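Here come two complexes built around subunit A, the first alongside subunit B, the second alongside subunit C.
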Partner chain A sequence: MANLFPKWTNWLPLKILVILFVLGNAVTAGVWYYFTPKYTRVGYEPIQPVPFPHDIHVSQLGMDCRYCHSFVEVAAHSNVPNTQTCMNCHSQVQKDNPKLQAVRESWKSELPVSWVQIHKTPDYVYFNHSAHVNRGVSCFSCHDQVNHMAVVYHAKPHSMSWCLDCHRAPENNLRPREQVTNLDWKPSDENAQTFTAKYGKPPGEEQKDFSGEVKLTQLEIGNTLKHNWNVQPPDINCFACHR
Partner chain B sequence: MANHTATLDSDAAAVKRVPLIINDRKANWVTDNISTIVEAKTPIWWWVAFCITAPIALFGCFCIAYQISTGVGVWGENHPVGWAWDITNFVFWIGIGHAGTLISAILFLTRQKWRTSINRASEAMTLFAVVCAGIFPGIHVGRVWMVWFLAPVPWYNGIWPNFRSPLLWDVFAVSTYFTVSVLFWYTGLVPDLATLRDRAKSRVKKFFFTVFALGWRGSNRQWRHYEMAYLILAGLSTPLVLSVHSVVSFDFATSVIPGWHATIFPPYFVAGAIFGGFAMVLTILIPARLLYPQLYDVITQQHVEKMAKIILLTGSIVGYAYAMEFFVAWYGANPYEQWAFLRNRLADPYIIGPALHVQPAPYWWAYWSMITCNVIAPQLFWKKSWRRNTLIVFIVCNFVNAGMWFERFVIIVTSISRDFIPSSWHLYHPSWVEIWTFIGTFGIFLSLFLLFMRFLPMIAMSEVKIVLPEADPHHNAPDAHVGVEAHH
Partner chain C sequence: MLRSFFLIFILAVITVVAIAGFRGTHTTKPPIEIIPDMDHQPRFDPQHESAFFSDGRAARKPVDGTVPLGYTLPHAYYSTEANNNKFRQKPGAFSMAPDYYNSGKIGDVYGDGIPVEVTPEFMARGKERFTINCAVCHGATGSGNGIVTQYGLVGVANFQDNRLRTMPDGQIFNTITHGKNTMGAYGPQITVEDRWAIIAYIRALQRSQNATLNDVPQDQRAQLDQPQVTK
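Showing the complex of A and B:
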């Protein structure tokens, strides 16, 4: 029987290999980029029944996070406020604003407003808000600058490796407790003398003079607090977050 | 002068070896008679055999699908017996593969030319056995769709498999083993595929053999590359013969369970794997030879006898290992280990149990089946006429097949069914799903082998030709002595 394949097919295996190589890399790169929470979660901004503007309430009116999310320091779960909390003010302020229609209906019908949850944690993850905010992890670390958001969106990836980044190096996210809900806080805002007087000098910098116009860095603050509060987040024990 | 020559001649006759391929077959005979197995019309017996094995394989697949869709609860495993038939079958099948690798790699490097008659079929057997083996660790994890967690993939969870766990080493060992075995098998196939391509009469066959022969022309340059590739693959496979089953044994040996925690395990498992593997090679090749009588000239009694000798050697090593486990349990003075061996395995209800005044071990029958099949049965091969008797060899090999399964069952189940806490003791019974999954893997194994016999050359033609008398450079050379004799 004569040969079935013409001469050009000699290059076919090489061409197939090249195509497979390119496709393989494209698929890997695609999965790497599109299949991670950095892509799938960040930027999620659902339409809420009421377009609650955090920026007006926090940055303009100066409300604290804990006025509404009142359980965050004492419970694992940080609550979304109930309608009564809204009506504390809105029974008098902006009481006819059409944007608040859903709140007023909820107040009358005694059924909660159907807020859309943005930051979801899987049911096999036991995240505890109080454990974090009571040890100087700011709301900012996970939720970003909600105080400047007209409508809240998912700003950080919340993947497990992102959790572990902090659990392996918590000093990057620790701040004095009284600044936990101050989402505009910067390490340089901290007064070096007051800070060192209260918490001591950063480990390894005991000889350094903090009395002048010295600006503290995040690492100096974080390492000091980590040392001072004995912060040791579990970084290899699965049972810390999964039971 | 004449006397001297006569002495040389009789010496030469005395040391003359039996040729590996008998009845003075020529290269052309090999090509014709092996290719015809693939080229001829599908025989009736093949359809009969396939119609038996394929439904069994399918039912095995159904059992696997049922287990995956319902959960591992359909198996009989429960605390404290977390590993039972699944891992028993895994180790059983992975062990069988080792004979193929030993034949293709170690016997190649040690220039054992008799391997050429059996290496192709043994390598195919290795692949199919590893396929069957790979099923069990895959499905026993329960959530099969999470099995990719075993692979070290960088992903957004930021975690890696536990590199200190032998279970992970197992994944690497078995996947490496399968990859290298496929490469080795396929590389060896290329010249034979080219032969079949050149002989093909139908377009479909021509197409497939042309594609898979990768443009083989049999040129000097191609042969040089081929032989170098084959040598390198043999070098790569040789450590795998020893490492794969050593790693499998680490699954047990690195734990602290009495009966598992033994430093003797790696060599003991490797010897057992080669032992069981050769038994399976013979179990397959003896019937294949019956069905294709031309194979009697290629796989001769000499080949069967050589394999029987390997079975005798490795079987005796295994028997020594069994004895040594008891010695170490006694010498190590660990009461738990002694208890596990005596009370969970050895003590039968008739002789040893009553003699030692102990309750019989619940799985004593499994232990004594193992001893009978693995230690006693191969001893028949000490007698030359018995190891040259095909029927006896076939029967003993099947004893060994059963015995090697019992060995893994004994090691796994007897060690964990009665552990440190008597309140948690639990006797294990398999469910029908487990039993039929195991039988199903036999269906898969035999179906694959039947397909292999039907579509690919089951004897490495190009390699067999190299060991023919014809291939000897001195073949038909003018013999000085004969010449002297002739001129008398």
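Showing the complex of A and C:
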């Protein structure tokens, strides 16, 4: 009886295995790289009806975040300012600038400017801005250095694991309350003596001398505030955020 | 066979990367939602739009003459219940009631005096709110030289003027609430209590720029003649 299968088929099972192995790895790598908010959300930079430059308003003029986002400390939602907030200055400053056309139209028509929301949590996530900014989580921790963005974009992934990274180790992001809206703040800017006098010394470093030129680290500041304010963000209960 | 497979495979990888790009690339296209289950629930989030109403807003104003559910009438403000959580917006925080505390007026006349106990915390609050909301135009010392005046804003009031020094507290309150001339109304942004805190801080600013030796406590006068030592 002649050979039913030609000789080349001897290698066929191995070749199929190689192909499946390569394809399987490629698909895994593709899903790992692309099926995450690090890819899908980061970099989202919509065209806004008014090209509002945060860098000019915050870094050049020195305005506080809360001049416009006025209710971020008392509300879950950090509000986009009403048109009147823009017109407080822009009734006179740059009053003929074509970029501000949408603001002037809104002022006349009394209809809001249709700003495009960039950072959006899914509707099944409960997120409260006030709970975070009142406990020393800076705008920077979630929105990055908006104060240097000419056009705001989505800079951090805002995925669930990213939330949990901080909920499990908040000391990496806590800072004194008065520095929450100072997006250029660095732990080394903090005066060690004033800080320890106000909040106490970092837990476990009670013997250390913080007078003189000692610089505090983020962990020292974070651990002190976490201890001082009894910061215990929910990290196991699903219903803390999914309620 | 393997050769052609790898050729096709590499071409496919190049095609996928060419179309999908890399992480973090700036794009104006809205984010892709891979599993959008329940991401968008049929509800209205704050400041979102609604096709149902003719003005496109989901948020509605209360009907004229009605009191919203949960609204506590003014002066429940001081109740312990309202003050339990200092981070929560107190009921009546934006009240427009006609009494002095909420309007700055007694009858039709502007009253004078701060109807809240002025404590160091209250002054610190006033300073913080002044710096956020007022200093942009009026300047950090209230001299009417805030940063915006360098960009063409004119007619900014100078708190160090005699006119504003002698202005009753209630009139300043009224100006913060409703605005005046080119100044917009800040009543919708700043709570009633914070407005009084700002006024208390403005009074402190005015004294700081117009102080005499008598304003300095006796035991600290000796320091005045000393040269400032900076470390």
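Here, the second predicted complex is superposed on the first by the 239 of 243 C-alpha atoms of A that agree within 3 Å, B and C clash if a C-alpha of one lies under 4 Å from a C-alpha of the other, contacts with A are read in each partner's own complex, and residues count from 1 in each chain.
Here is the rule we go by: contacts are C-beta pairs under 8 Å (C-beta built on N, C-alpha and C of every residue); 3 or more make two chains touch, one makes a residue touch a chain.
If you're wondering where the values come from, they're calculated on a predicted model, not measured in any experiment.
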Sharing subunit A, do subunit B and subunit C clash or fit in the superposition?
-> fit
Counting only touches as set out at the top, which of subunit B and subunit C does A:Arg177 meet: first, second, both, neither?
-> neither
Once the structures are superposed on A, label A:Asp165 by its partner contacts, choosing first (subunit B), second (subunit C), both or neither.
-> first
More subunit A residues touched by subunit B or by subunit C?
-> C
Does subunit B (first) or subunit C (second) touch A:His227, or do both, or does neither?
-> neither
Which of the two partners, first being subunit B and second being subunit C, lies in contact with A:Pro13: first, second, both, or neither?
-> first
What is the contact status of A:Lys38 with respect to subunit B (first) and subunit C (second): first, second, both, or neither?
-> both
Contacts of A:Lys156 with subunit B and subunit C, given as first, second, both or neither = neither
Of the two partner chains, subunit B (first) and subunit C (second), which one does A:His119 touch, if any: first, second, both, or neither?
-> neither
Where the C-alpha centre of subunit A sits as vertex, the angle toward subunit B and subunit C in the overlay (nearest 10 degrees) = 130
Classify the contacts of A:Phe5 with the two partner chains as first (subunit B alone), second (subunit C alone), both, or neither.
-> first
Taking the superposition as given, tell me the minimum C-alpha spacing from subunit B to subunit C, whole angstrom.
-> 9
Shared contact residues on subunit A for subunit B and subunit C?
-> 37-38
So, in the complex, the side of subunit A touching subunit C is made of residues 15, 18-19, 22-23, 26, 30, 33-35, 37-47, 61-64, 66-67, 70-71, 73-77, 79-80, 82, 84-85, 87-89, 91-94, 111-112, 114, 122-124, 130, 134, 153-154, 178
Subunit B residues touching subunit A in their complex are 155-159, 200-201, 203, 206-207, 210, 214-215
Which residues, counting only subunit A, touch subunit B once they are in their complex?
-> 1, 3-5, 10, 13, 36-38, 157, 159-165
Considering the complex alone, what residue numbers of subunit C touch subunit A?
-> 1-2, 5-6, 9, 13, 16, 20, 22-34, 38-41, 43, 45-47, 49, 55-57, 87-89, 128, 131-133, 136-137, 147-148, 151-154, 182-185, 188-190
